[in-house]
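Okay, got some structures for you below.
Each of the next two complexes has chain A plus one more chain, namely chain B in the first and chain C in the second.
== the complex of A and B ==
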């Protein structure tokens, strides 16, 4: 590992230590929430954000695969989907814990809960498809086509469903008029942004590890070992 | 040859082939009938409270339509791979025409299924409708939406393993948002006489169908030729 990578990793570790400390001791409790339950927002929202970010990375890698037919792009798409699935599960679990505390039930069929459940199903279906095809090139193109098709339904899940159905979740920070409307204590907002950056960094680190591993696997396969 | 004519030629071929074998029609029809009888026997028109009827009827109707359709919709591509006719079809027609022809066949199949199922569902389940034209609109939009997603997924699974299980696994996450809007629309048609009440659900279904069709048209050549 190079010195820059070691330093980045150490920085990421320190960043998370600060975020965790700030989430519990720097940010105040939010009004209208039971006990300390509002603090989960510093972890739940970034997990959901990373799940969606991974879906976007999966889309870009899938498009690149269809354009260049490079198996490494297919491996990049699969790595992003794997991490997206992991973070979607984490967001679902942390959201369920919050729902139990706030609303008395782990699952309430809220539109945003349905959205994340469908996102989990899409990721699971993506891997079911990958496992069903043995030829690597055909697997790459079919998985890429499915990923792109699945991605186009995302805006409907994220933006349309919560606007048609009543939701337990707070409104999005982007209003229908397109203006940003943050109703959060400045300290809470700072911690949330810090956590978003930290989780994004964590995703990129895990993603780069996955891609390096895939590159080595592809090289070994090309070498006929 | 014009793309439109080519597409209708594929549709005619599909209809002729289906009229000879009747595999898709009988599997879809029998699946729908069996499921409806099972649901109606267990639940029927009287075991649901009056105020819950529109919600449950709308959900049950679309569950039966989707799963009955799942038994027949993937056949359009799977049968070409099974009969080893896919290569000839690749040479004979452009990918756009193949997709359009197969999509139109699935649309006809779905509209036929709805025409057969919905009156029986109304009789067996006591399903009453406040606005019939609104229900017809939802059913047509639903057939368009389900046919667009199902045709593309059918093409994908025919190039993978061709299994019906994989079709359901891949199509459920894609059609779930659409089913949510369709169930909402059906419930509205069953309870609200004004057509304007249907617009939010209808707009969502039509836009989702449009987006799916456009992306499928771009992606189909990749799936078909790889």
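== the complex of A and C ==
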């Protein structure tokens, strides 16, 4: 491991420790929320953000695969989708915990809950498709084409549908008119931004681990092992 | 000692989870580096 990598990982570790401390003891609790439930925003929103980021990376890698037919790009796309699915599940679970505290039920058929469930099914089907095709090049092409279609639905399900219908979900930072409407206490906003950066760093670390593992697998397959 | 329902314990458990995730990823990082050195 290089010195830069060691320093980056040490920074990531300390960064998250500070963010967790700040989420509970630096940021005030928000008005209008039951108990301390508003603090989940510092974990729930970054998880959802990383899921969206991962699906964007999945799209870029899929497009690269269709252009260059490099199996490593296919592996990159699969790695990003896997992480996107993981973080989308985490966002759903953390959202359900919040829903239980605020509205008394883990699941309320809220537009945002339904849209994330549909998105999870769409990306779960991506892996079902990958499992169904054994030829690597054919699998790469089909998965890349599917990933493009899946990505088209993502902005609608994450950003549009929850804003069209009445929702229990707390108002978001970006208003329906598209203008930035930051209504958080400055301390809450600082912690949220810190958490977003931390989760993004964690995503890139996990993504690089996945891609290195795939590269290794491809090298071994090429070597006849 | 803080009360069992206090934020202190929630924060402590969250930091514990983070340390677990970090150590697991670090062990993967080391195993991967070793495998990369072994693979021609």
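Here, the second predicted complex is superposed on the first by the 223 of 225 C-alpha atoms of A that agree within 3 Å, B and C clash if a C-alpha of one lies under 4 Å from a C-alpha of the other, contacts with A are read in each partner's own complex, and residues count from 1 in each chain.
Note that in this section a residue touches a chain if its C-beta (ideal position, glycine included) is under 8 Å from a C-beta of that chain, and two chains touch if they have at least 3 such contacts.
Please read all numbers here as calculations on a predicted model, not as lab measurements.
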First, second, both or neither for A:212, with chain B first and chain C second: second
Which of chain B and chain C A:14 touches, first, second, both or neither: neither
Partner chain in contact with A:220 - chain B first, chain C second, else both or neither: second
Partner chain in contact with A:145 - chain B first, chain C second, else both or neither: first
Partner chain(s) touched by A:36 [first = chain B, second = chain C, both, neither]: second
Of chain C and chain B, partner touching more chain A residues: B
Partner chain in contact with A:193 - chain B first, chain C second, else both or neither: neither
Partner chain in contact with A:56 - chain B first, chain C second, else both or neither: neither
First, second, both or neither for A:93, with chain B first and chain C second: neither
Footprint overlap on chain A, where chain B in one structure and chain C in the other make contact: none
Interfacial residue positions of chain C with respect to chain A in the complex: 7-8, 10-11, 14-15, 18, 22, 25-26, 28-30, 32-33, 35-36, 39-40
Parts of chain A lying in touch with chain B, wherever the complex brings them together: 66, 114, 118, 121-122, 124-125, 128-129, 132-133, 137-138, 141-142, 144-146, 148-150, 152-153, 156-157, 160-161, 164-165
Chain C-touching residues of chain A, taken from the complex the two chains share: 1, 9, 12-13, 16-17, 20-21, 23-25, 36, 205-206, 209, 212-213, 216, 219-220, 223
Chain B residues touching chain A - in the complex, by the definition given at the top: 149, 152-153, 156-157, 159-161, 163, 166, 169-170, 172-174, 176-177, 180-181, 184, 200-201, 204, 207-208, 211-212, 215-216, 219, 222-223, 226
